[in-house]
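Got a structure here, written out as structure tokens. Questions coming.
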Amino acid sequence: MSIIVNRDTKVLCQGVGKAGSFHLKGCKDYGTKMVAGVQPKKGGTTVEGVPVFHTVRQAVRATGADASMIFVPAPGAADAVLEAADAGIKTVVCITEGVPVLDMSRTKALLKSRYPGVRLIGPNCPGIITPGECKIGIMPGYIHKKGRVGILSKSGTLTYEAVHQTTAAGLGQTTCVGIGGDPILGSTYLDLLPLFEADPETEAIVLIGEIGGDAEKQAAEYWKAHMKKPMVAFVAGRTAPKGKRMGHAGAIVGGADDTADAKLKMLASYGIHAVDNPSLIGAEVAKVLGK
Amino acid sequence: MSIIVNRDTKVLCQGVGKAGSFHLKGCKDYGTKMVAGVQPKKGGTTVEGVPVFHTVRQAVRATGADASMIFVPAPGAADAVLEAADAGIKTVVCITEGVPVLDMSRTKALLKSRYPGVRLIGPNCPGIITPGECKIGIMPGYIHKKGRVGILSKSGTLTYEAVHQTTAAGLGQTTCVGIGGDPILGSTYLDLLPLFEADPETEAIVLIGEIGGDAEKQAAEYWKAHMKKPMVAFVAGRTAPKGKRMGHAGAIVGGADDTADAKLKMLASYGIHAVDNPSLIGAEVAKVLGK
Amino acid sequence: MKLHEYQAKDLLEATGVRVLKGAVASDPAGIEAAIATLSPGGPWVVKAQVHAGGRGKAGGVKLAKTREDLREKARAILGMTLVSNQTGPQGVKVRKILLVEACDIAHEIYVSILMDRKEGRPLVVASAEGGMEIEELAATHPEKILKEHLDPLAGMQPHQARDLAYRLAPGEAPDSPVPAALAELLMGLSRAFFKYDASLVEVNPLIITPSKDVIALDAKVALEDNALFRHPELEALRDVAEENPKEVKAAEAGLNYIALDGNIGCLVNGAGLAMATMDLIKLHGGAPNNFLDVGGGANKDTMLAAFKLLLGDPQVKGILVNIFGGIVRCDLVAQGVIDAAKEVSLAVPMVVRLEGTNAEQGRALLATSGLPITPAAGFNEATLKIVEAVRGK
Amino acid sequence: MKLHEYQAKDLLEATGVRVLKGAVASDPAGIEAAIATLSPGGPWVVKAQVHAGGRGKAGGVKLAKTREDLREKARAILGMTLVSNQTGPQGVKVRKILLVEACDIAHEIYVSILMDRKEGRPLVVASAEGGMEIEELAATHPEKILKEHLDPLAGMQPHQARDLAYRLAPGEAPDSPVPAALAELLMGLSRAFFKYDASLVEVNPLIITPSKDVIALDAKVALEDNALFRHPELEALRDVAEENPKEVKAAEAGLNYIALDGNIGCLVNGAGLAMATMDLIKLHGGAPNNFLDVGGGANKDTMLAAFKLLLGDPQVKGILVNIFGGIVRCDLVAQGVIDAAKEVSLAVPMVVRLEGTNAEQGRALLATSGLPITPAAGFNEATLKIVEAVRGK
């Protein structure tokens, strides 16, 4: 089992410029059902053996796609999200980084009021992968292995570390979701934790956080109140100085409770296995699962 | 019994200028629990023996009001609706006429997304009355009589006719709602018909329509599909020429199906007691109820 | 408030819509001045500027190939009485004309934005088959009508404009500039709709030229009267010459009045009751002369203005006053009727029905006034009496 | 992008916020010119224009009562090194000052608008007790902080502004003009927040004068970098002199770089891994010199620019390269490292950890390059090795 995406998910790619077509191919090669590309002025052509349409509506009508991967440049990314939602796409994964915060604020408001059934992941995220079934995003597929751990992360390459470590430990993953590093995200930990808890094959959850915001605290509270599966967590940014934006638009230390140290302590206080050494994530999960 | 408002409803009045305070007094004299007035710069004063506050939040905190009657002039009326909703008021009755259509379109969108539990009646309506218990609006209270008929109408004085006739026929009313004559209304027939159907004391429903829009058709379809109580209907505007706005902002003949004649025929075709003589509404209800 | 084509084009241009503006003339000298501003090589088009639609079929739009031809056609149209299916048989006088360069057309599109009252949201109605009457197309080929709702807070989204553009210009080559230009034009129409609080923005036809330009060739904009307070500068665009003079007069007196064809003058409080009164007159075989809602503030001044309006109309052969006093007190209305009737000298039969607050006192006042007023107890009786009174007149 | 007070005031004034603009000077002649524009009667205030906060306590804001006093204080502040709790011990040089008329103050208010990431909506944070540091107030008297969310599509609604105004100026008489003026000022702040894609709009203090004027006495605006493409005209407001020169240089090279205090230069792909690398260095007793995310496009040019930046910093005593190749191929990264290292002559120890796509090939390339590079297999091992290598340096 898995969450959100699986072998039946039919994916289209919005934005098939250089990056979009490169990753469209990557996902296709991984085995994902890539059914269409979308780009104005490119309708009627093909990219990597996949038909391209001018609009998402056209693509959905022709292919029945139910998920989208967005590589549209930042100025048009929020509009691309809404275009996908409006065309009936249920899972929208926005890889694009640099989307203006107000665009996301407005887009979330519109999604909530007009398209309540749509799940947006990202923006500024590596995507989502169910190993061996469906990869929507830019993660290196080969490091993943079908298995027992659900991974939820604000970071890209740091997620790869966690994946690599859990694969090396022989645990493997059910589904890995990079929720993105922006201040306003389509899906938060809170939106996705219930899915992992409900997924029968997910035995443990790895949560990778960052400085900035209180999403980790909300996750810990939710975990404590509603979840039975063990959770291993790491929070990046212990060395980040206050007020400096650490690459991710959301990774900026705010108030006193918003340091990585404070977050790690907070997580531990809830009973979550908080590790302060990011190279020990896999080992900690193995220990927790008694392996 | 009754719908929406009753003897326990605590009402505040937004806009206590000349018209607002006049009708505040009218409602209070009728027996309505008028608990507050709201007008910036008038906070701390009293109007007709009722304390006035600068803002609805202040008024709600001090008085526990749960309904509002709005007389704020058109440019600020939509904002007044949102102010009431934001302060926790659940029933908002907007009497003001001349509210710009786009203001209402935006206000409905915001009510739906931010304040889904709020019921707006109007704008440009006479209000709502549960005879003997609660009058929120400008209707002459004394023509009403506690009784068996629910009245739902786009028109003001024409509603009074229906009330007068049903009172004269000895039937009386459970609750009468003037939904208003504007193109975009806070509550439509569709929103209120289920309440009348569910109200044990309402035995029959009078629906008074007008040219413009297809609200009457929607009501007829709903009635046919979901309601058991008999309905008597009249539609004003048989003599209205196409393209001319008949007083109410919404009363304008549109397409071919949008004449009063067509609407009356349509209503009759669904099994509704459609009368073409507005002076016979009361008699028709009496006949239908076998009196 | 309806606008003329040339006014609509000015407003649309300001929100980024590409239009052909041309030049307006309202007299012969103006025609010469307008011609001087146009490019020397024709052809050109002369377009009557009237608020009524259907002007093309009515001879209000003409193509001219030479300068002399242009001058002649401009002079012919300016001042003509234009009779279309929307003007009534009496027609309307053409007081202004627009002279504009003609344009080659490869494709005609229909687009409008209006408020969908059912959904409570603005709606784009469009068709790849423009140029013809949209009602006709909607009746015969509903599948050719595209509909797209707009969020009232967010306005038209770029993806909606793109989607519409590709559907409205389906035959374009992949690298054609048309879809992007069309999408941008649609965004401009949406901006105009929201910016001006329009009740209608309509472009028919919106054209694609053989050289792939996308232009709003015609334009119709109606503004919402209730929102004009936000746009005081647009009030100057009102052309009262295009409106019914009786209605203009009534509006000046603060009356809610619509002129009709019948001979029974109606004076009622409340729009719904006013319509129902007209309906009942017709049901009893009479013909209402007007819709007149004196509203909740019916007093002596309103009554006087209303009576003057009705009695000043030679078509009016009788008057029905129907008041359901709620907020309005019937005794005050009766006094208003009496005072007004005395001042204007009542020469036609008048039936008065008073009901509601202080109705008894009002009726008593009328009964003792000595005026030739027929009282009526009920709504039905009142209309029967006035229909009877004017029968054969 | 942070703005100076005088820039922020210009932007706020354009959205209807009442400010005292004064005059800016950046040299002695400018001071004279600025003084000439001010009203002759004092007092006036001289305010250092630096991006760092806390300038009042640091001596960057002074009141002057006479013209001579004003001139002296302006000259003293311009060019001073201002050390506040936000500048670090080295302080910042004052390159610009704002001279502005002083204002009598009856009441000080704090207002800011920023994005609440938890709710995904803009949030107004305000207090009737302005003038002091809001963090302090929030800690000691959280009940004195008002919070009001804004709808991102609709913006601040008039009723929200009114409600805030009455709560922020509670002692006003019923007929006082203050609540309405304050509400209008708040609406102006909201318009500015949305119009400019601000990440922060802050006014502290917002004052009420004894004569009941409502004025934004100070103003802080930060713009969202990601949205600057929508506001090319605002790019000119960037003051690079206020930014860390290493960070400015890095930004010019397209690198995502933040300067820190330690001696281990870090070069990592991905922001999260970069932070985790810094964290692990610290966990092992080392001190990172920087955050540096080379992103997904790590190639020879990026590597070269990154190495130049790190090696040009005398504080850097060792370099850790940590790459988890996903999209990035490790063999290409290794080649980039080799090429760059040759070009800049590597004088400090360097540990390289390559993992992911083509890691084997990458490691082999490094091993045979002849460069003094220490390979590391794992994340942990790599940080241990570099900490060891720079220990005692």
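The chains carry the letters A, B, C and D, assigned in the order they are written, with residues numbered from 1 in each.
As a convention for this text, a residue touches a chain if its C-beta (ideal position, glycine included) is under 8 Å from a C-beta of that chain, and two chains touch if they have at least 3 such contacts.
The model shown is predicted, which means the values in this text are computed figures rather than measured ones.
Shared contact partners of chain B and chain C, listed by label: A, D.
Here the chain-to-chain distance from chain A to chain B, counted in touching steps, is 1. The interface holding more C-beta pairs in contact, when A-C is weighed against A-D, is A-D.
Chain centres here are Cα means. That of chain B falls 54 Å from that of chain D. Per-chain Cα centroids separate chain A from chain D by 28 Å. Here the spacing of chain C and chain D, counted between their Cα centres, is 56 Å.
Among the residues of chain D, those touching two or more other chains are numbered 151, 153-154. Among the residues of chain B, those in touch with two or more other chains are 106, 109-110.
Judged by the touch criterion defined above, the protein chains are all mutually in contact, each touching every other.
Against chain A, in their complex, chain C makes its touches with residues 151, 154, 157-160, 162-163, 166, 174-175, 179-180. Those residues of chain A whose C-beta lies close enough to touch chain C in the complex are 40-45, 54-58, 76, 79-80, 82-83, 86, 106, 110, 114. Residues of chain A that touch chain D in their complex: 22-23, 26, 74-75, 98-106, 108-110, 126, 138-140, 142-143, 153-161, 164, 181, 183-184, 208, 210-215, 218, 234, 236-241, 243-251, 255, 260, 276-280. Interface residues of chain C facing chain D in the complex, by the touch rule stated above, are 151, 153-154.
The residues of chain D lying in touch with chain A in their complex are 86, 115, 117-118, 120-122, 135, 151-153, 194, 197, 199, 224, 226-227, 229-230, 256, 258, 260, 268-276, 278-283, 288, 291, 293, 296, 324-327, 355-357, 378-380.
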